[in-house]
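Next up is a structure, given as structure tokens.
The chains carry the letters A, B, C and D, assigned in the order they are written, with residues numbered from 1 in each.
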């Protein structure tokens, strides 16, 4: 399989289709990126990296970081964690508070905002300097000092963070929040503001394609079984209320972010990151999703 | 891989755990089965059949038939169908009507009752004698004249069918229902009342493990891509509001029924049917789910 | 108080304001009425009738008949009834089925469709010929043979009745429905199709302004306390999801219908019926509501 | 009418019925009151005060203060206010956040917590020292320096205020909140912690029975029309999700608080305050509601 040729083909075809969406504009720092950027990076199990387009330009990974933070607490909190957050797909938007009320403070899954806040809260219980720890961990996974926290994005997330703050207080009212809210939100907004390129992002997901072993970190990050479970979670919950559509059309476990990035894995084959800022109405990158659909069609394999 | 030894081991371990649930009792005919029955049948890609326990006793497949009916219209209605029914997981119970109201008459997916009614309605538009067609189709997939419609169950489903009737009228009020309601419900209650053994059920799912080709029917049932999509749908939506949990713990595409059956596939490896009548509170067979979890653990492979 | 002068003033002022809405169009028979019709009739406690505009033209009273049917079963079923239907206002639209699901088959109040179906079901348990009984009862209240069932409207309601049929089956699935669904719906669609003029409608509500005694029927229809309770119900639940707005702006107990009619009472003073077909987006007659608001302003009394 | 004899009779009969409920326990300071306390005070239009039982003991008025704060901004913000908060009854509990999400940040009415927070926010925009202003205003209405803020209750409300804080941040995310959240919550928790006796509370509601004129403040507090509108609001929204039941059984505009108090008015007759700490499951005082029901039965008049 010539992966380089494959992703170049996909890249070209997607560009020709000229699909359009809308750059996220809930904060100006995200809204001002060049909407035409588009990059793909694929990393195979041996650590070979293939790239095309804007694959080396850092972008705001946003919610994709929820996979990294989940991984960090998965090991230690495994059993306990699942009493605080569920593993079921959510029919509601990623920042819905209604569902949290109906389900008495237990978020549907760790990838909607409420669930990710519980994860970050658990992280703050585990680590003294959680922001440094997250950065170090992702750097380790990528085999490079690649993660930068964009201070303007971080600060802007905070200034527009009323809804996430409401979620945090709501979780606390159900006693599903242990650390000071301000402190956890500081970490949360920092992880959302992390920037890295498609190449580094694909590398950081490599262990999930490889039964939990990272060729870049050179160690077993999670047990095989835990890595598989994170993949299952990404497949059922990784794309907001479009997870079913993505599984149906693409069939790979993955996670998207409002910055326009998508990271995904084909277990035992490769990890991949695609980025293009324009989003569909469900908040997922139009070009990234199309690229992954074309890619699995051409490969004629998916999970299924 | 010695599948016979594997399923016997799984069978024995599950029996030893002595897990209990509650037989479905919404109709007496289902409530009166012997709760201790438990069978497993596995069919590999060559058509070899492995079985243990009550794997040859016919049971009420109930909602598992929704996979067969979806397959029957998938080919023809492919594109059109997805304007009438969505492919997203549902957070609500399988017979919820509230979600249907919020989403203006478009069911969440083809495996919740509202969605399955749309599928059966499409089937009634396509075939003159839909009940015979369903029976013939499943027989063909199983390579045997195995399907029986239990007339007591059929008639009891009908007599307790107010909620499904409400769903049908509600769909019609949104113009998402084309045939006479009584006629479609007749078919729907018949497909729910179909009985077959684990062996025949596993055979009937074999094409989904085999890129759409049925070794028993000796023909391509669906295109490779369509078969993969049905698998994706089963993974995200096949277990009511426990789909995420099943994906997380087991990681195979599958479909359960309130009769206590579960049919699942490991793509490119095998199809499998497990049956035991006692259900957990989400309506899935306690022993069947545990058996599949043990099986994937022992095989140490799942989709992911 | 010169009521004739008062309602003429109100009539003139409303006409000058030239408010517009939209005639209900869910069935053609209702959609085809002349939208410019507008009439007011007021009946004082002595039985004097005052009228202006199209106050003698019969129109489709639709949901206003729910007050009459509730009155018919109130007496007998008083206590039992309130285990089958609640008395709380509903935040949802009049024909919502979601709320019925959340509240396990107990409708919010007797004036939303689900609740009115329970009332009509109770009526069918009580009377052998319920349609005749309703007609006779309203005629008696009005002191005139005035009620006509429009057969085209009745039949069209039935042909577009999927949502109400869904509600009925849904109620039955919760065991909150005792009679054959077809039979109850026949009665329900007939009561919706009743036609009478503002004058007769205002007379039929007179007993509610008069502590339960009808000057036209010449008998006590309900006890003082029961009549007061129906008024309380109309105030909190009589205007779909605009009940609070009506209480706030007008302050009289009343009931509206999608035919554009509103019947209301000022306890110990008068009953009143106003009719004009164009509706606001909540389904209440634009001119009728404005007329009642002006009237209570001019009288400078409301309930409060 | 001998009001003193009347309320004594009511008091005695309620005591004999020995109804039990449960003292609110969301904060210890409220949970520790003597549950057997029970008092009634009635104030007629001339300012005569009638009392029985614990009518002179100050208690925590809690949500009843929402009527006072609404009155304070009603005058000035009248029109604008209703673009920020609705006047419809809510089917959901008083502190629900789901409804706020569905209705995009516009609270259902000013008496649920979200709506009351908008009112307090408006108050903070209007006054420099809002807590003093509220205290002074209620004192003026009562003709006495009677209001005390219990510092333990205030501080405990704050320490258990996560849900209200979540509501405030959620309102802010919809841009329906103008002042710093901490500052508004400080005022909000203070108004909840106000204590006064039944006598003083009944006096403070007197203007609502008297077309907006307070005999104790010796001035017109609100226009006749505005006073009537607040009464309408209390009738449809004053008792959480039991407003319909209260209107149905009692038929007076009123407002309850979790401290066990209820203040109500019979327009053009009297205002009344009843207090007893044990609550029913909807959060309203068991004895206070029963007392008001008996009272209107005996008087044989209600609004209706």
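Keep in mind that, in the parts below, a residue touches a chain if its C-beta (ideal position, glycine included) is under 8 Å from a C-beta of that chain, and two chains touch if they have at least 3 such contacts.
The structure displayed is predicted, hence computed values, not measured ones.
With respect to chain A, maximal separation of chain centres occurs for C (centres as means of Cα atoms).
Note: centroid distance chain B to chain C, computed from Cα atoms, is 48 Å. The distance from the centre of chain A to the centre of chain C, each centre being the mean of the chain's C-alpha atoms, comes to 55 Å.
The set of touching chain pairs reads A-B, A-D, B-C, C-D, using the touch definition from the header.
Listed in rising order, the residues of chain D touching chain C in the complex are 86-92, 99, 108-109, 224-225, 227-229, 231-233, 235-237, 241-245, 247-249, 251, 253, 267, 297, 300, 302-304. For chain B in complex with chain C, the residues that touch the partner chain are 96-98, 101-102, 162-163, 165-170, 172-173.
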